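Here the chain labels run A, B, C and D in written order, and each chain numbers its own residues starting at 1.
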C-alpha cells in the first residue's frame, strides 16, 4: 500500500474527458514524478488530490482515509502540502510573517481565535519560523516584504512554508517552470536535500525531463487523461510508448 | 409618572458635583449664572435657522432661509418692515428683540433627523442660539422639537404637516404655526362635497411613513364623513420614483377619486404618473375621475407642471391672497428677491415674528416666559386672518386655504388659485381628539 | 389578467431604465475594469440635457402687457420664446413641444464628450489603482457633478413634458381583444431602450471595432500584444457607455420630472442590477434589469402586498440575495471577475 | 507597554493625548473672533468625531485587514442605536444596560448577515451586505414602525414603562448619575473650552476599542486576516479555513458598529432610521479609504475629516463671509464672497466631493500617506543638509 492511492479516478468537463480511470500509487518516502505532454490531465489530477476538484468517479485515499469531499484546508491538515506552478505566497506580508502562518496552522489547526496575544510574543512560533528560514538560507530576508523577492526566492519561501507544516506528502506542480537554469538546479538540490533529510513523500508534476530524472525514483506517465506506464526512471527512459506519446505530441 | 419634576434636581446635583473640581467654570446645563440655556448677555441675541440645504427639499429650505433673513432685517429695523406693520401686536419696535440686535446662524438638516439634530445641537452648544426654527418635513421637526425640549430652548417649527408634531409628539418648548393633516381634511371635505358630490369611491396612495399615515387617516375620516367610500389605501415606499405600478391597479379598482398622500418629489412623480395613465380623462361609474392632493405647495406644483391643472388641495398660505398682511409680505419679499414667497417662507417668517413678539411681551428670552406669552395668544395681521396659538397643544388655529391648479397661468409663479378660505372654526378640533392623542405636552424646560 | 399584463408593461418600462444604465456600467467595467460610481450622475446629466434644450428653446424676450399685473402689482411682462418669433408661433410651439425627442440629437455629442473627458481626464489614471480608490474618486466626481447641476438648476424637480402627440394613452390590448390602456410615452421609452440595446449588441457583435473590444474584454493583454491600440478603443467605449446612460436619461424626463439627485437614486439599484446579472456580462445586465423591473412591479400589486406587507420595499434586495446565493456569479457572470 | 511594541505605544500615547486635550485642540480660536466659525470643540461634534472614529476603526478591521468591502455596516449602527433607546424605554436612562445590549444585538445580526454574505467574495459580497442593510432601512422606515418609530425616530415617551427609573434619576442618558449632556465651560481670556461628560465617556470607550484594535492588528488573528486579503488560495492550502476568520472579523466590526450606534443613542436619546441607509454605509467606507485603509489611525482621521466638513462648512453662510471679508473694498468683497459662495453652506457637498477627488488622486494611501509624506519631507530636509555636506566632501577624498 502506498501513502497515496488513486483508484479509477475520472473527471469530465462538459464533453471533454479530462481524466479517465487513473490509477496511481505513491509509496511512502519516495519521490514520485507524474509526467506527460500538455493537456494530459496532470493538473486536473493534482486538483483532484487536493480538494479543488471533485472527481466524477473513483477514489483517492491518503494514508487509508478518503480525501474526496474534503475542502483544501482539511486535506492540508491531513498532511498534504501543495507547491504551485507560480509561487503562491502572501505577497503583502513580510517573509517572516509568511513563515509564521503555516507554523500557526500546524500548531492551532484550521481556525483558532487568538485575537489579543501579540503574534511576535508567540516565542515557539517565531523560533520555528526563524529556524526554518535559517535552514533554507533565508534568515537574512526575514524582514523583507515578500513581494519584492526574486522568483527563485519566492519558490524557496513557498517550499519552506509547506515544509514548516511537516507534511507527509509534498505535491509540487512544475516547481521549476519558467526558471533560469541556475535557479532550476538550486531547486533540484533543495528538493533532493529535503527528500534525503526528511521523513517525507514527494509527488512532482513536471515537464522538464532533467528535473524528473534528477529527482524521481518512480515515474508515472499520463497521456490523454490515462496513465500510460508507471515504472522506475531507467525503464521509462527507454520505453517506446513514452517516446511516442511525447514525440507524437511535439511533432 | 412624575419624573419630569425630578429631572432638574438630578441634573443640578450631578452638575454641581462635576463642577466643583474646576476653577471658574460656567456649567452648560446647570449654572447659577444663567437663568436659562444660552441667556443672551451681550448686545445681541442669536437665533438658529435650521433648514434643509441639501437633498430633495433644498429649494424649499433656501426659500425659508430667504424669509428668515427678511424677518431678521425687519426685526432689526431694516427694509420696509413687511408684516411687522400689519401685525396686530405693536410691541416690536424695529430695534431687535428687547433691544438686542438679532443675529442668526444657519445649518443644514439634510432632511434627516440625525443631521438635523446635529446641526441644531451645534447651534445651541457652539453658537449660543436661544431659539431654533425651520425644517421642511415632520420627521425632522419632531426630532428637533424633542432636542429643543431637552436642551431648554424654544423650537418654532417650520413646514411640518403631520398631526404628530402637535399631537402624539407635542412638546412644551415647541410651537407650530403651519396647519396639519386633520385641518387639510376638514378644509377639503366640504369643497370636495360641493365639487364631486357625496357618492364617491376614493383610492389612497400614501407615502409609507408617519406623516403619510396621519394624513391618510385624516383625509379618509373627513371624506368618509361625507359619505365617500374608501376603496383602498396603498402604501408606497419613500424611495419610489416610478409610481406606475401603484397607479395601474387604480384603473380597474372601481375608484373614481385618487388621493395622493405624497409630498415633495414623491408627489411630483405620483401625480405625473397618474396623469400619464390618463386618469384625468377617465370616466368611472359615470363620473369624471378626479385626483386630490391634500397638501399642496407651489414649488411642488412647479415640478409637476401642466399636470396640476384643475387639481384640488389645501395649503397654509398663498401669495395671491389679497389681505393687507399678505400683500405687505409679498411686496417686501418680492422686492428683495424678485419672486413671490412660498408657503414655507411665509410660515417661517410668521414664526420668527411671533417668537420676537412673544419675547418682547414676556420681557425675557426665557423659554418658559416666551412659551407663556405664546400660549393662548390671539393675533391677526399675519396673512391668515385671526389666529389662535392654542395653549393645550401649541398649534395655531387659523383659516385654511383650498387651492386648485390654475388652468391658464400668467407667469411661472401663478400656478395655484385659491378656491375657498375655510374659516378657522371649521378646522378646529378638540385637544384630545383621537388623532392627536397619546402625547403629553409636559412642562416647559428653560434648560438651566 | 389585465392587471398582470399592466404590471408586466410597467416592469418592462422600469426595466428599460435599469437595463440601459446597467448596460453602460457593465461596458465600462468590462472594458476598463473600473467601478464607476459616477455612472448614475451621467444618467442625470443626460436628463438635464433635455431640460437644457427645453430651456434654450424657451428663451424668451419680454413685452409689457399693461392690462395685466404681476405679483407685485407692476405691469406684467409677457414672455414670448424667440423660436416662436423666428419661425412663427406654430412651428415655434411645436419645436418647444418636441424638445425631449430633439434633445436626443442634442445630447449625443454632449454625452460622448462628457464620457471622453471623464475617461481621459480622470478615470484613465485609476486603471491600476485599487477598486476602493476607484469608488472613492468616482463617488467624489458624482457628488461634484450633481452639485454643479444643483447650483444651476436648483433642487426642485423640473417638469419636461413629452410632445403632445406622444402624451396620452393608447389601448395596447386592442390587438388581443382586451382593453388595456397604457401611456404612449412609456411605450416609446421601452421601444427606444430596445433599439439602443440592440444597437449596442450589434455594434459589438458585427463590427471589427466591436470584435476587438470584445476580445479586449476577454483578454486585454493578448489583444494588446497584437499591436492593437486597445486603450483608445476602450476610451471610445467609455464615451458610448456614457451616451447610452445619457440617452436613457433624456428619454426618462417625461416619465418623471428630473432632479439633481436622480442619479444617486438609480446608482444603488443599477449596481444591484449589474451584480445580479453577473459582473462583466452585458446580456446578464440587460436580463437582470428587466427581471428586477418586472418583479418590482409585481411586488407592488395589492394582492401581494397584503400577503407580505412591505414586500415592495425590499423585493429587489430579496431577489438579489436569493440569486447571489444560488448562482455565485449572478445570472451570467464570468469566473474570477471582481471576486477579490 | 500593555503588550504593545514601542511604535504602537507611542501612537497610543499620542492618541490618548489628542483625545484628552481635544477640547483645547479643537477650539484654537477665541470665541468672538471671526475664525471662531472653525472651532470644532463643542460637545456634539467632539462626540461625533470619536463615535464615528469607533465606527471606522471597526470597519477597518474588516475592510482594512481582510479586504472584504461591506456596504451595509450602517445596519449595525442602527441596530445598536435602537437597542439602547429600547433599554431607555423599558428600564431607565442609564446607558449601562443599553450599550452591552447594543454590542450583543449587533453581534447577533452580524453573525447572521455575515454567515450568508461571506459565502461570496468581492463585489458579490458587497452587494449582499448592501441588500441586507437596505432591507433593514426600508423596513425600519415603514413596516417596522411599531419597533423603530419609523420616520420620526425611536424616542422615549412619558408613558413608557421605564421600570427602573428612580425618583431622583436624571431623565437624559447618564452613567450611574454622570449625565452625558452636562459639561463645564472654562473661560481662559478670550477663549472658552467645553468639557463634556458624554465626550469623555465616548473618548474613553474609543481609546479602549482603539487599543483593542491595535492588539487585533498585531495578533496572530490579525495576521490571518491580512493573509486572507493577501492570498486566500494559499491560506486554504496552508490548512487554514478562511471562512471563520472572515466571519469573526465581520462580527467584530459589526459589534464595533453596534457600539458606535449605541454611543450615538447614549449621547442623544433618539434613533433615526436614516442611520441605516446606504449613504451611511457609504460614509464609513469613504472615511476609511480617505483616512488610509488598513492603517491604525487612518479611519479615525477620515471620520474626523468628513464630520468636520459636514458640521462646520455647512454652517458658513454669506453673512459670515461678508463679515470675514469686510476689510476688503466693497466691490472686491462681493466678488470674493461670490466666488466662495458655491462651496459653503448648502454647497458643502461640493467641497467634500472635490476633496475626495483631490485626496484620492494625490494621496493614494489616504490622509495617513499625506502625514507620512510630510514626515518624510521634514526628515529629508534635515537629511539633505547632511547629504549635501557628504556630497561636497566626496570629491575631496
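The definition used in the following text is that contacts are C-beta pairs under 8 Å (C-beta built on N, C-alpha and C of every residue); 3 or more make two chains touch, one makes a residue touch a chain.
Note that this is a predicted model, so its numbers are computed, not measured.
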Innermost chain by mean C-alpha position: D
Interface with more contacting C-beta pairs, comparing A-D to B-D: B-D
Averaged-CA centre spacing for the pair subunit B and subunit A, given as whole angstrom: 74
Centroid spacing, where centroids are CA-atom means, of subunit A and subunit D in whole angstrom: 46
Whole-Å gap between the CA centroids of subunit B and subunit D: 33
Whole-Å gap between the CA centroids of subunit C and subunit D: 34
Multi-partner residues of subunit A (each touching 2 or more other chains): none
Touching two or more other chains - residues of subunit C: 310, 313
Multi-chain contact sites of subunit B, meaning residues that touch two or more partners: 54, 58, 62, 208, 235, 237, 239
Set of all touching chain pairs, with the criterion as stated earlier: A-D, B-C, B-D, C-D
Residue ranges of subunit B in contact with subunit D within the complex: 1, 3-4, 6-7, 9-11, 13-15, 18-19, 22, 24-30, 53-54, 58, 61-62, 69, 104-108, 112-115, 117-119, 121-122, 125-126, 137-139, 142-143, 146-147, 150-151, 164, 169, 208-211, 235, 237-239, 438-440, 442
Touching residues on subunit B, where the partner in the complex is subunit C: 54-60, 62, 208, 232, 234-237, 239, 241-242, 244-246, 248-249, 251-252, 265, 268-269, 272-273, 276-278, 299-300, 302-307, 319-320, 330-331, 334-335, 339-340, 410-411, 413-414
In the complex, subunit C residues that touch subunit B: 2-3, 6-7, 10-11, 13-14, 17, 68, 70-73, 76, 150, 154-159, 161, 167-169, 181-183, 185-186, 255-257, 259, 261-262, 265, 296-297, 300-302, 305, 310, 312-313
Residue ranges of subunit C touching subunit D (in the complex, touch as defined): 35, 122, 125, 129, 131-133, 135-137, 139-144, 147-148, 151, 268, 271-272, 275-276, 279, 309-310, 313-314, 316-318, 320-321, 324-325, 328-330, 338-340
Subunit D residues touching subunit B - in the complex, by the definition given at the top: 39, 42-45, 48, 138, 141-143, 145, 149-153, 155, 157-159, 162, 165, 167-172, 174, 177-179, 181-187, 194-197, 264, 268-270, 272, 274-275, 310-311, 314-315, 317, 319, 345-346, 348-349
